[in-house]
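Next up: some structures, all given as structure tokens.
Both of the next two complexes hold chain A, though its partner changes from chain B to chain C.
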Partner chain A sequence: MRAGAAVAAVRRRSASRASTLYLFALPATLLFVVFVAYPILWVAEQSFYAGRTDGAAVFAGLANYRSVLSDPTFWIVVRNMALWCVITIPVQMLIGGLLAYFIERHTHALRGFFRTMFFLPVVTSVSVISLVWVQIYAPYYGIAQEYLRHVGIVMMTSPIGDPKTAIYALIVVNIWQWTGFSMLMYIAGIANLPSEVLDAARIDGAKGWRLAVHVIVPMLAPATKSLLLLGVIGTLQTFPIVHLMTGGGPNRASEVFGTFIFKQSFVLGDTGSGAALSVIVLVIALALSLIQIAVLGARLSPAGKEKP
Partner chain B sequence: MMAPLARSRMRGVVIHAVLFIVLGFWMVPQVYMLSIGLRTPAQAFDAALFTWPVTFDNFVTVIRDNPLGGIFLNSLIITVATVAIVVAVSSLFAFACAILRLKGSMLLYTTLLTTLMVPLASMVLPLAILLKNFGWVNTYIGLILPYAALGVPFAMVILKAFMEDAPRELFEAARVDGCNAWQTYWHVALPLVRPALVFVTIWQFIVTWNEFFLALIVLTRSEMKTLTIVPMQYSGLYMANPGALFAILTLIALPLILLYVLVQRAFVRGLLAGAVKG
Partner chain C sequence: MRKMLFLATTILAAALSSAAANAEQKEVTVWSWFVQSTMQKSIAAFEKAHPDVKVNYTYYNYSPEYITALKAAAASGSLPDVIGLQPGSLTQQYRENLEAVNERAAKQWGDKWAEKVFPVNRKQMLMGNPKGDENYYIIPQESQVLCIWYNRKIFEKLKLSAPKTYDELKAAAKALTDNGYIPMFQGAADGWQNENVFLMLANQFSAGIVDKAQAGETPWTAPELVAAMKAWKGLFDDGIFQQGALGAHAYPTGAQLFAQGKVGMMALGSWWMQESKFPPPLSEFVQNMDGFDFFYLPPVKDGNSASPPVGGIDIGYGLTKNGGKNPEAWTFLAELTDGVGLQEALNDLNDLPAFDGNAPKGDITDHVKEMSARFMADLPKAENQRFASPAVAEALDNALAGVAAGSVEPEAALAGVQAATEKALAAK
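Up next, the complex of A and B:
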């Protein structure tokens, strides 16, 4: 009897101790529920309602989705986002990878200097960057038209003022800002390459470019996959560069999801279609991410470490 | 025929030269920004990367005329609070998953991880409404908590991986010595993952300091604004005076650049300590 009570007491105490252990997980879970999960569920619900002028919302079925998908701007956005992905991600990988390779394998005293300098655009405020590039691109007094003229490229207008070139001009800014990030990811990858493998390859006669292309590039696949995944999500949340440099113009030619959602939701106050757009972006992001994770085995974090 | 040593030295010189040339081009926007900030009004619209002479008048004017200190303080308060919360919350959660291995913690971990796949663009509308309902528009907390919620998953991935790599015997020893979970977390787990904590701190600092989209929507009162969202209003204010505009842009960009230069060694060390291992 007494023994039974003691066992029960111990069990009770260990049970309560186990439940206090869940306090370790509680704050993160709370933040997630309130500021991630709940807003997503709310926006999903709102996407099926249409706001009325009197403030009440009425169920509208798929009307918001229909109106978003039939808006020609939506398809401009889709095209721009596809361009953005297809151009920025490989170019950043290529330049970042080359920089990383030469910095890691051929510099010593100046290694820290190069690593830091090429990364500086990443830590420079994006709004500052945007305004500086507006000035660079400016007609008459900008330096782009001035210096490009010497190599035979004549710009009569600002490239961000022309509907045909605006999105490409913005992509250039984005590449410039984020290449340092790709570089750093590859630097981490190169620094962690097992030296036995490199030595073995060298003994087999792989040198210089052959070593780089056939041995190092394949071994950097984890960094490449992470960059791909991050690049897609980063593309979908593109906002400040476009908002500050073109506002999505001229004539909506450089509109991206971020600016489109911003306009529908906060400028026009059309919560219904803003919500439908938010859900569409979310679904695209989840679908593309899951496809990459399933097909490539890509990981979610730039610094995701896999257990051996 | 060149000796191998001379050839490799030659190649080193060429590679350095190429890197410096590329870097020269890469730095053009920043150099240009500083250069316009140092111009007299007469030269401000010259289409040149450098002009001569330089003047510090623009910097004196914009520092005198604008409440940059207060704006800086807003950025600092929001960023430091967010970083502190992210580091505390994510390390606690990582400890629960990697060391305590609580039942259900892996399911929670996977759930929280989906946050990393959510683009902020699809969150701004619901977060704006939520914060309005809480009465948190134009408050620090209205940015700090959403930033923390969006930052925790990434930090937790890294800290969990580092804790899993730590030798388990240390945690066993702590248990045998009578440490409870909190003591083990504080005295064993946290010191073990220090490089990761430093990395997460610096990265979260950069991301939070430079966040634009949510700040633009939540902070509408001018005395609450952060350094990232004020440049637009100055671009209107100093439209006819690029020298002053670019002086203020330089001042706005400077704090984080200086900070990064100071901490970059620790940041890269954290990254190399196993960040992108495959």
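Up next, the complex of A and C:
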């Protein structure tokens, strides 16, 4: 009887403890439901409706998805996003990694200065960056032209005004803006490298290029994986730089998912297509993230611990 | 003790009178992209005339801030009382959230009030309405006339005059380029400026043809429109526009260079006059508009006339369903479009009035008065510059950019606009 009472008391305590734990999780759950889950479900619902000219919405089934997938602009966007992803992520990682390595290992007194200078574009307003780069690219009266004139080069067109080069010109701006972020991630990774491993490698004769490639780079894998994941998500979220510099033009040549969704939803007022596009982007982002986690593992920060 | 009692009584009286004043104070909420400094003057004039009403104005950049804010507010039923609108597509997107203002306007200005509005504006006020819906959902505040502005001081220095033929235009562009100036600045990365120039060209080949095309009465592939599209390409190929125009923006880049005297010509509109009212320091060209004058695009083909004036509503305002429940909202809207609020905007040379019988007053030079009078004389005969469907405008923007870049032929580009028009008309 006594044993039964004790078990019941333990059960009561355990239930009370569990409900306390659920209470602690409640605020985060509520925030997630209100600000993440509900908007996603709302957008998903909208993607099955089409707006009529009298303002009413009618159920359209998969018509919005069919319309989006049969629109040639969608495939231009897919191509642009693939280019953006394939070019920006490795180039940013490479330049950012090299900057981090040289700043951390070869600068002393000016280390803070270089870190700040290379990180500055990341915290600069996109509007300012866009204005400056439009001026840099401008032929005839532009900033780049002023310097190129001295070596006899005359720019005949603006790279952002030519459908063949517009997307690459935007990619250059994106790399310039975000390389500082890659640098910072690698600086954090390098700062966390265990000194005993580096010392052991040096004793074994590894130095210079060999030390960097065979010891430091593999040990920075968590930072690289994080940058890869963030890079893919960042690519899919690209909007302001394209909106401000080319508006997705000329003739949709530099359209990305962000500008395409914006145009469909807010300029053309076709909320259904805009929502369908948003759902497609969400599915792509989710799939790519899961693939990366499956392939590369979930250890994404230098301080992260692999599960045994 | 008496002093304490007196102090307490005074504080109580002040608190009570303040509470009473707050209770009497009525409020109108307004959202728009309209120049903030000018709007503040209009609001100050309104509040002076209506001391019991307070206007809360929220300024947004037009894109993406304003149009996204409107969309979100409309979805949540929290639109302000009065919203800034453009005729056609923007008004139509929010028609369900707007009050028809016919009765209020008739009560305010009399039964024949609409006749006071310039014809092109009147046409645009109904643009995109469903068949049979004669309600007005937008009251225009200001009108505009599109034109080619030129720097007359540079022209004088280079012994040039306002071109009257296409050859003269080409010669002027060449002279400007040879002397280190940008010939005609085109912000061809912006769809709106491309549309404006195309409208000038198309109406030169056949007045009103774009209106017929967007209504489905004439195909976009009509010979006149194809010729206009070829002439559009010619402006790039003949060196009229600056090199790299497709990557350039009219604002702020083009406007700044034009104001600084580095550009010979620019396709803008009557709103350019407001540059002279911006806070100093102003360039010698912008000061009192001394450096500027305008002309209409000369005939680009033998047998054509110069482009007719093209224009219409610059900005208008709508009374939302929320605003319909607030009597002061209409009072403000009426004063803003044809009252003390409008007068302040005109005095700031923001643009031309939408209602006849209004004119700028105050510190304005004879040169500006003369140009303003020329615009006002042209406004009643202006051709429409607006599009009823955003999809058609978007298709035309893409066609113009594609042709300018040489990536698509004029006929094929216009066939794309035709397809977009048919789709838009079918959806209606």
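By our rule, the second predicted complex is superposed on the first by the 261 of 308 C-alpha atoms of A that agree within 3 Å, B and C clash if a C-alpha of one lies under 4 Å from a C-alpha of the other, contacts with A are read in each partner's own complex, and residues count from 1 in each chain.
We take it that a contact is a pair of C-beta atoms (placed from the backbone, for glycine too) under 8 Å apart; a residue touches a chain by one contact, two chains touch by 3 or more.
Being a predicted model, the structure only gives us computed values, none of them experimental.
After superposition onto chain A, the partners chain B and chain C occupy overlapping space and clash. Which of chain B and chain C touches more residues of chain A: that partner is B.
Using the contact criterion defined above for the overlaid structures, shared-chain residue A:194 touches neither chain B nor chain C, since it reaches no partner.
Contacts of A:160 after superposition on the shared chain: chain C is touched, whereas chain B is not.
By the document's definition of touching, neither partner reaches A:205: not chain B, not chain C.
Of the two partner chains, chain B is the only one that A:22 touches; chain C does not reach it. Once chain A of one complex is fitted onto chain A of the other, the partner contacts of A:131 extend to both chain B and chain C.
Once the two complexes are overlaid on the shared chain, A:141 sits against chain B and chain C alike. In the superposed pair of complexes, A:285 makes contact with chain B only, with no contact to chain C. Applying the stated contact rule after C-alpha superposition, one finds that A:263 touches chain C and leaves chain B untouched. Shared-chain residue A:218: touches no atom of chain B or chain C.
Working note: chain C versus chain B after chain A overlay, options 200-208, 218-226, 254-262 or 308-316, clashing stretch identified as 254-262. Residues 131, 135, 140-142, 243, 262, 265-266, 271 of chain A are contacted both by chain B in one complex and by chain C in the other. Residue ranges on chain A touching chain B, taken from their complex, read 18, 21-22, 24-25, 27-29, 31-32, 34-36, 38-40, 42-43, 46, 99, 102-103, 106-107, 110, 112, 114-133, 135-136, 140-143, 145-147, 176, 184-185, 187-189, 191-192, 219, 221-223, 226, 233, 236-240, 243-244, 257-258, 261-262, 265-266, 271, 274-275, 277-279, 281-282, 285-286, 289-290, 300-307. Contact residues of chain C toward chain A in the complex are 63-64, 67-68, 71, 89, 92-93, 95-96, 130, 182, 188-191, 242-249, 252-253, 257, 262, 390-391, 394, 397-399, 401-402, 404-405, 407-408, 427-428. Here chain A touches chain C in the complex through residues 53-55, 131, 134-135, 137-142, 155-163, 166, 243, 245-247, 249-253, 262-263, 265-269, 271, going by the rule given at the top. Contacts from chain B toward chain A in the complex involve residues 11-12, 15-16, 18-19, 22-23, 26-30, 32-33, 36, 45-49, 88-90, 92-93, 95-97, 100, 102, 105, 108, 111-130, 145-146, 148-150, 152-154, 156-158, 161-162, 164-165, 181, 185, 199, 206, 209-210, 212-213, 216-217, 227-232, 235, 242, 245-246, 249, 252-253, 256-257, 259-261, 264-265, 268, 271-272, 274-278.
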